[in-house]
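Everything below concerns the one structure shown next.
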Amino acid sequence: MKKISNIHDIKFSKDEIPLKSDSSNLFLEVMISISVFLFSVTLAGVLAINSMLSNWSDSILGALTVQIMPVNNVNKEKSIEETLIHQNKALEFLKTVDGIEKATPLDDKQLQRLLRPWLGDGIDIKDLPIPRLIDVKLVPHAQIDFMALAEKLAEISPLASLDSHKLWLSKLIQFADGLKNLALVALFLVLSISAGGIIYATKSSLGLHKQVISILHIMGAKDAYIAKQFARRTGYISFLGGLVGIAFAVPTIFAIAKLSEKIEGGIITEASLSWLSWSSILSLPLFSAIVAMMTAYVTVKKTLEKMM
Amino acid sequence: MKKISNIHDIKFSKDEIPLKSDSSNLFLEVMISISVFLFSVTLAGVLAINSMLSNWSDSILGALTVQIMPVNNVNKEKSIEETLIHQNKALEFLKTVDGIEKATPLDDKQLQRLLRPWLGDGIDIKDLPIPRLIDVKLVPHAQIDFMALAEKLAEISPLASLDSHKLWLSKLIQFADGLKNLALVALFLVLSISAGGIIYATKSSLGLHKQVISILHIMGAKDAYIAKQFARRTGYISFLGGLVGIAFAVPTIFAIAKLSEKIEGGIITEASLSWLSWSSILSLPLFSAIVAMMTAYVTVKKTLEKMM
Amino acid sequence: MQKNTGNKLASIIEMQNVGIRYGHGPEILSDIKLSLKKGSFHFLTGKSGAGKTSLLSMMYLSQKPSRGTVKVFDHNVNFANRDSLAMLRRKIGVVFQDFRLIEHLTAFENAALPLRIMGMEEKEVKQRVKEMLEWVELDKNMFAQVSTLSGGEKQRVAIARAVISRPELLLADEPTGNVDNYIAPKLMNLFVELNKLGTTVVIATHSEKIISDFSYPRLNLENKNLRIYYPNDKIEMDTI
Amino acid sequence: MQKNTGNKLASIIEMQNVGIRYGHGPEILSDIKLSLKKGSFHFLTGKSGAGKTSLLSMMYLSQKPSRGTVKVFDHNVNFANRDSLAMLRRKIGVVFQDFRLIEHLTAFENAALPLRIMGMEEKEVKQRVKEMLEWVELDKNMFAQVSTLSGGEKQRVAIARAVISRPELLLADEPTGNVDNYIAPKLMNLFVELNKLGTTVVIATHSEKIISDFSYPRLNLENKNLRIYYPNDKIEMDTI
């Protein structure tokens, strides 16, 4: 055996509890990668839906247009008159609806300006059987059942109709909202299952090392001293697992984004992720490491407290 | 302490190696359930595709019909004549094609019989501009590119066409065949990943119990004695895991079957599972237990051989 | 009989009406009365299974009595919280009958454990542990993994670990059962030296030779009870 | 010197030029020559770390020599296959220095292990184990989990397990280090009785008392070598 020249030159490993070789490590790492993968893909979905929803409700959903089809009569003046009657009927109805702040019919000038690109200048719209429009301003965040509104409107005047794109959008928003809630539930589930897995792995590891732990205790180690070693190891493994998960998640998110762009054209592109969203997704390995550390720490402390 | 009256009345546990409390057990059971789930759903798919394929190739794919559209002329006789010319062109071409055993044009009587349900009795088809049909018998299991055949046929006679349902079917069969191969690869993957997981769990369990094992060795236990205990435990856990997996798989298979029936109507119903298929799927927990037992047994034997 | 109860500070360990039982079994020890004065040295004897290790385990705070009160360094162990128990344990050195070393660590790291847990500076740790292991003649095996050491070598590591922090109370359970007749007296002298520096010592042993070589009082466990024998063979029934 | 080599069948253990080293370290034992005759009884002595346990471990077939040949029951251990080694081990009883009991099993199940591995009928197993444990005075602890036993109780379970199958060769490593002075002679007498029935016995011990109480030859390890001392103090350099 070699003579040790200077004891202070020697490197010491300080892993008192041999957590590195635990058989539950692989279980933990695989579980955390899967969790982080699912979590980040779902989170991306939630964030995308959120940004889509906020885009819409800000710009599009605040207003609404009601269209009154022109009555086509041989007598032009009479048809215009009749169209106006229908417009007034619709107007009066709209003013009684909850959630509608203001309903203003567009006057001739406004209509003319709207139609100029198609019809050119110098055309008197009074001579033409064009539809009349009512601009409806909604109370912010009003909960309006557009389907019911459209039906009632049609009852009152068969010529009046809600702008159909808006109708479709409102159904889409309801769907997206439902999807978002589902995703939030899924996020919560993933989080609790992971926490359960970490608790299970920590407890089985504690059982495995109970002899070393009891030795440390009798040497005067406080629970925190032991819990820290577990927390450090669990955090490290979870960070690695998280990196693997995110490495699979990022291409998946891009692929899903590409796919949904193709499928739905213009609407889903609004569901893009901001830099803030991306950075919160990319910080998930760190986040998972911190959650895992805390879970392991608390589990060890709680379990040890039952011993003497 | 109570006095033991008769030692032969006492029940003894014989679990020399405390495998029951291994932390890798849960890992193993979850892994096996997922594997059996995936395996049985995939296997169901393969078996369904297989039965669909064999149904088709037996009854439908052995024959083929070529249709010659009638030439529509004012002169009825002339049009019939021209139609027959086209039919002969097609006939001659078909006889040169590899994989076609026989091509027989249907004579007037046969055509009349075919059309009777629609046209009623007593109608002379000679007077009608009806399509002529060629019955093509294929060499069994011939590899025919129906797309190419259809194109060539159209070149030779613009009036001749392959029965389009058959064309579509052949594409579907190609697709199903590809799917089947993919599924077989997936089955193989699931099997090898499970085997890897079992080997990993067994090895980590062996490491955990190396002290007890070395005691058994020194008492004169043969490797088989130890390997049997591992095999028994692993088999038991895998059987339980397999039951869980199959319990989730059966409703999943039914749901998928329901769904695909709705989507594709008549064609996919041919993809039903025979009782033989069902029993092979339902025997998967047993099968997985046996595979797991053998894997664990061999792993233990191989690992122990490296010790003295 | 009760003459010393007022002088609390001088008592390192006090037991009153202490009983121990495991699970629902009978009591292993009953009505133990004991008061160990600071700086005392006792042997602990008794047949195999008499309860020596059990008695010691209460002293090193790894077990609470089933009944009665145990005071260690004037703290009632029934009411102490976990962290203060940990601080008390740092003043106690223990040599276990079955060593209880951390098998995957080296002899050095095992012996350094109490100092590192106390948070001592690494430089001083190294110096002290090296000297200690050289003293118990483990210089050659200092960096060998404990699992590869011989029985006697392990026992010496266990002793080194117990005394490295110069504890106020030293409890040794059969500390020379696995070493040879050359090193055993040397280790016993180590305990005697520590005792001279103020450490209270209790040594459980079966060895008649050791007991007769050193003239210290003997705590004997018999019929679940504790009696004290002085070297001059005078028997006292109560230890307080 | 070579007078007995022809009489192979009478030799239970034969070692020729045996050396042991661990990893890349120096040799722990060098040029060991040894021949144990059937029915002999030897003590094995030597300082702590001299290599007693290592020498025994070759005899109970858990270690091969780094060089030289070891024959146990006339089988060269370097060439025996695993299953025939297992069969040989069934003829050997071992008491380990650190007991090596299966902690989660009861004393009974530990002692029954060799018989069950041999495939003995359960009824006879129960009878024999019960008698044996009663003999080592463990009747009360028969069905206690080993992890709850005291040091001396564990040692008695280990001894019971070693002798339960009436082995042809009994190897005991410090078998009385943890028991009291009442039971220790009783256990020694057990080994002597077994020896009278034909079992070859080797006992490693540090206890001068035991060695002097029984007049058996002593194998002493010193400077990596083995010397045999006979009770009449005549020293022979070579053991063959």
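Just so it is clear, A, B, C and D label the chains in written order, and each chain counts residues from 1 on its own.
Following the convention adopted for this analysis, contacts are C-beta pairs under 8 Å (C-beta built on N, C-alpha and C of every residue); 3 or more make two chains touch, one makes a residue touch a chain.
This structure is a prediction, so every number in the text was calculated from the model and none was measured.
Visitor: Keeping to the contact definition above, tell me which chains border both chain A and chain B.
Guide: For chain A paired with chain B, there are no chains in contact with each.
Visitor: Counting one step for each move to a touching chain, how far apart are chain A and chain C?
Guide: The fewest steps needed to get from chain A to chain C is 1.
Visitor: Just grab the chain with the largest centre-to-centre distance to chain B, centres being mean Cα coordinates.
Guide: If we average the C-alpha coordinates per chain, C ends up farthest from chain B.
Visitor: Counting only Cα atoms for the centres, state how far chain B is from chain D in Å.
Guide: Inter-chain centre distance comes to 62 Å.
Visitor: Rounded to a whole Å, what is the gap between the Cα centroids of chain A and chain D?
Guide: 71
Visitor: Centroid of chain C to centroid of chain D, CA atoms only: how many Å?
Guide: From the centre of chain C to the centre of chain D is 31 Å.
Visitor: Please set out, as single numbers or ranges, the residues of chain A touching at least two other chains.
Guide: 1
Visitor: Can you pull out the residues of chain C that are in contact with at least two other chains?
Guide: none
Visitor: Considering only which chains touch which, label the overall pattern as line, ring, star, complete or other.
Guide: The chain contacts form a single closed ring, each chain touching exactly two others.
Visitor: Report the complete set of touching chain pairs.
Guide: A-B, A-C, B-D, C-D
Visitor: In the complex of these two chains, what residues of chain C are touching chain D?
Guide: 22, 46-49, 52-53, 97-98, 141, 148, 150-153, 155-156, 173-174, 177-184, 206, 208-209
Visitor: Note which residues of chain B are touching chain A in the complex, please.
Guide: Listed in rising order, the residues are 21, 23-24, 26-27, 200-201, 204-205, 207-208.
Visitor: Can you name the residues of chain B that touch chain D in the complex?
Guide: Residue list for chain B touching chain D: 1, 4, 7-8, 10, 12-14, 16, 18, 211-212, 214-223, 225, 304-305, 308.
Visitor: For the complex, give me every residue of chain D touching chain B.
Guide: Checking each residue of chain D against chain B gives 60-64, 82-83, 85-90, 92, 94, 100-102, 104-105, 108-109, 112-114, 116-118, 123, 126-127, 130, 140, 142-143, 161.
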